[in-house]
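Shown below is the structure under consideration.
By written order: A, B and C. Residues from 1 in each chain.
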Amino acid sequence: MKLSEISKLFNGIIEGDSDIEITGVKGLEDAQENDITYLASSKYRHKLKDCKAGAIIVKEKIDDFSGSQLIVENPPLVFARLLQLFYVKPHPYRGISKEAIVSPSSCIGENVTIYPFCFVDEEVNIGDNTVIYPFTYIGRDTTIGADCIIYPNVTIREGTQIGNRVIIHSGSVIGADGFGYIFHNGRHVKIPQVGKVVIEDDVEIGACTAIDRATTGKTVIGRGSKIDNLVQIAHNVRIGNDCIIVAQVGIAGSSSLGPGCILAGQVGIADHAEIEGGTIITAQSGVMPGKTQRGIFSGTPIMPHREWLKANAIFQKLPEIYKKLKELEEKINKKEGKE
Amino acid sequence: MKLSEISKLFNGIIEGDSDIEITGVKGLEDAQENDITYLASSKYRHKLKDCKAGAIIVKEKIDDFSGSQLIVENPPLVFARLLQLFYVKPHPYRGISKEAIVSPSSCIGENVTIYPFCFVDEEVNIGDNTVIYPFTYIGRDTTIGADCIIYPNVTIREGTQIGNRVIIHSGSVIGADGFGYIFHNGRHVKIPQVGKVVIEDDVEIGACTAIDRATTGKTVIGRGSKIDNLVQIAHNVRIGNDCIIVAQVGIAGSSSLGPGCILAGQVGIADHAEIEGGTIITAQSGVMPGKTQRGIFSGTPIMPHREWLKANAIFQKLPEIYKKLKELEEKINKKEGKE
Amino acid sequence: MKLSEISKLFNGIIEGDSDIEITGVKGLEDAQENDITYLASSKYRHKLKDCKAGAIIVKEKIDDFSGSQLIVENPPLVFARLLQLFYVKPHPYRGISKEAIVSPSSCIGENVTIYPFCFVDEEVNIGDNTVIYPFTYIGRDTTIGADCIIYPNVTIREGTQIGNRVIIHSGSVIGADGFGYIFHNGRHVKIPQVGKVVIEDDVEIGACTAIDRATTGKTVIGRGSKIDNLVQIAHNVRIGNDCIIVAQVGIAGSSSLGPGCILAGQVGIADHAEIEGGTIITAQSGVMPGKTQRGIFSGTPIMPHREWLKANAIFQKLPEIYKKLKELEEKINKKEGKE
């Protein structure tokens, strides 16, 4: 595809040779002369001099690149669209395998692929065009919308509700029992977990992530939210729309996130925390129960990010502080002795 | 079921209408007029005014609720028992599927359900009434007791011993090799992991949890202990009876917990740590090798919880402390200069 | 096997009875009179007096053990070799099960075992002697080398390249999509993840670990590196040779480790971090983006380990420091008032 044709698709402006043939879309370091690449951040600008790409997607004309430049408003978006255009093929349609077990009481839409070694229990609904990979278990009374992709080795327990265009990666478990016990006569008695999980449209769930069913009522993942790998979402949690939850985050029972929150990797949220929409929690931080107003927070327990940065900068000086304090104390005590 | 009938089951006392028909058991916010609910903590008392439940389970009579009150000694226990009574159905008996592969040398008890797509290797014993869901692998020489539930996509490696009434949720892996190598001639040489895992009666194991087999000897999960999702339990760990291990905790090799310990979410325990029974470690804390005596601890490395709270409260003031210290130092130095 | 025969195998020297018959290899606490054991660390020397082992592997003669002593240069290595010798049997050869689904376009080596309920998609290559356990999914265009072991319930997505003698434990997911989105018009737009995962020779990957495919290019796990359970490795990460990555570590996108790094449990590495070879990061620490030079580091953000130890020791004294500072301030202010 000529660079000029690509440019037309995205209302771009070309600096340099517009006739160059583009055959691939690659990262800065891997790109060759017929590839187009993009500069994710000005931080990597120093890598441009060694970059062999034939063309680069930029927001504004740059000086330090010898190939063609495709100037567009939103370079990462154009990069994503080009990856889609060049590489992404639809999941092949394979129909419902005879080597899958699908309950006759289930209702399967048009153009659905169910691979061999899937188990679909009673009264399940699956929408059009959805693809279910091998070793997927779908419990009774579950609904899965249209255009979903369920990768291999996923467990979806009974009564789960999944919207349209949802992607669930391998190894994830939707709707396992929440973790609830009562201590009685020296033993932990299980609280039955009879609620469900609701996953709204356009949600993506990473690999080996666990989203527990509610005790009663529902655990909800809001529309468009994206959840990474190895995340723990406990019973009765409510995630608002368009949240980003990075790998290894854990959210304890009954906590809620407003829309557009970002939780960085390994963050822990205690139970019954309420986090206002648009809040960012930086990696490894710990949020206590109660309300957190919109902001950027860090630390365990969290504090405003800038304050955490300042406090942390001093943390390293604690031995010095302690020593100085002792010295001052001595000086003053000596003086007092003299007086 | 009339409230009066429920009350009889649990030796309760009714305040208000005892004839009300109860058809569901719900959380405070979801309950409707024919539902019974309960107040988990006085912290949520403000939610009572909007609660539409027909009845509530309480320990003592309360003023701010307009419906009937069921007064019992242990409200959460009664709530759990009612959830059980109203909602929990036994796992349907389905026998041993012809689409499962069960070694003829295995010994399967009465009334066992083995779903399609299970693989049961040689010399496995499975006790009465146990239910094994699809995509479960059970390695040779494994014993599983009676009344167990093994959810889909569970791996139980060879030689594992599992007691009665054990529940294992989806995605979990019991008996994978412990993580042990010797660095020799510039390479990591694997130490064979030839021990096993023993899971005692009444244990529940969450989703995507890994419990490694011992190097030699055994990794033990004590009777009645409850383990949440995404927990790591390394080789030769010994968990006492009735412990609670919350999601994403990691326990390194050869460490031990006495009975009744509670590890909150994301706690890390180093190798060769010995934690006395009844100890509580708060979320995200890190326990070093060696003995920890009974108590409540926080931080990395841990310190008594109250001291951690105090130290943390000051942590935020570090920049202020540093500034003040510099000022005092200057003042004193100035004075000294004058003298 | 007589102790004298064992001694010959490893060029050892025997102190005490060399005729003793050794029938097992056990840990210090489990060993009985016909077992050989070893002292992993002088820290456990106090356990020797209760040790019933008939023989012990040591580096130098010890006084406090009553049985025979096998003196060798590298006791843990000899222990590992003996475990291998006494206990480890090859995985039984079972051929390619008729109850597995293997695409006819795949190319399977000599002496390969593929268990029932495996799914091997198109154009897959599997090398000689490799063993694939049940419920394993191998996506199209994947290559797996010789002498590999893939345990049950593993997902290997399309296009993955796996070397020789690689072990992958149950529940792990290789090649799920990296976590990348562009925020556009109020929604998170998925960046297609079209790269792959390359796992070099002699790598071992624990249970429930996720290694994401690259956005473009590849995510690489270097030769001989060992990865524990529940580890997250994001897209485009590069792990050097012979690294040790302990359980629940998370490494964010595009970060790299040089050869021989050790990341202890629950460590978090931010995106675009570059960690020099031979670096050790202690448990629960957090590494920020940018370069980290060879060393031992702790804390979030990391600092040199010894400084962290010192600062942490003072951390507990923060309330005392704060109090003293206030007192000094008051004293000085009082004095100033007097003057």
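As a convention for this text, a residue touches a chain if its C-beta (ideal position, glycine included) is under 8 Å from a C-beta of that chain, and two chains touch if they have at least 3 such contacts.
Bear in mind the structure is a predicted one, so any value in this text is a computation, not a measurement.
Chemist: Give me the superposition rotation angle from chain B to chain C, based on Cα atoms, as a multiple of 5 degrees.
Modeler: The best-fit rotation has an angle of 120 degrees.
Chemist: I want to confirm something about chain A and chain B. Since they are copies of the same sequence, is their interface symmetric in residue numbering (over half shared, so same) or not (under half, so different)?
Modeler: Different: fewer than half of the residue numbers at the chain A-chain B interface appear in both copies.
Chemist: List the centre-to-centre spacing of chain A and chain B in whole Å, with centres computed as mean CA coordinates.
Modeler: 25
Chemist: Can you list the residues of chain B that touch 2 or more other chains?
Modeler: Those would be 117, 135, 153, 171, 208, 230, 248, 266, 284, 315, 317-318, 321, 325, 328, 332.
Chemist: Quick one: in the complex, what on chain C touches chain B?
Modeler: Its residues touching chain B are 25-27, 29-30, 43, 74, 76-77, 79-80, 83-84, 86-88, 99, 115-117, 133-135, 151-153, 167, 169-171, 202, 204, 206-208, 224, 226, 228-230, 242, 244, 246-248, 265-266, 283-284, 312, 315-319, 321-322, 325, 328-329, 332, 336.
Chemist: Quick one: in the complex, what on chain A touches chain B?
Modeler: 101, 117, 119, 135, 137, 153-155, 157, 171-173, 176-177, 179, 181-182, 184, 186-192, 194, 208-210, 212, 214-217, 230, 232, 234, 236, 248, 250, 252, 266, 268, 270, 272, 284, 286, 299-301, 303, 307, 310-311, 313-315, 317-318, 321, 324-325, 328, 331-332
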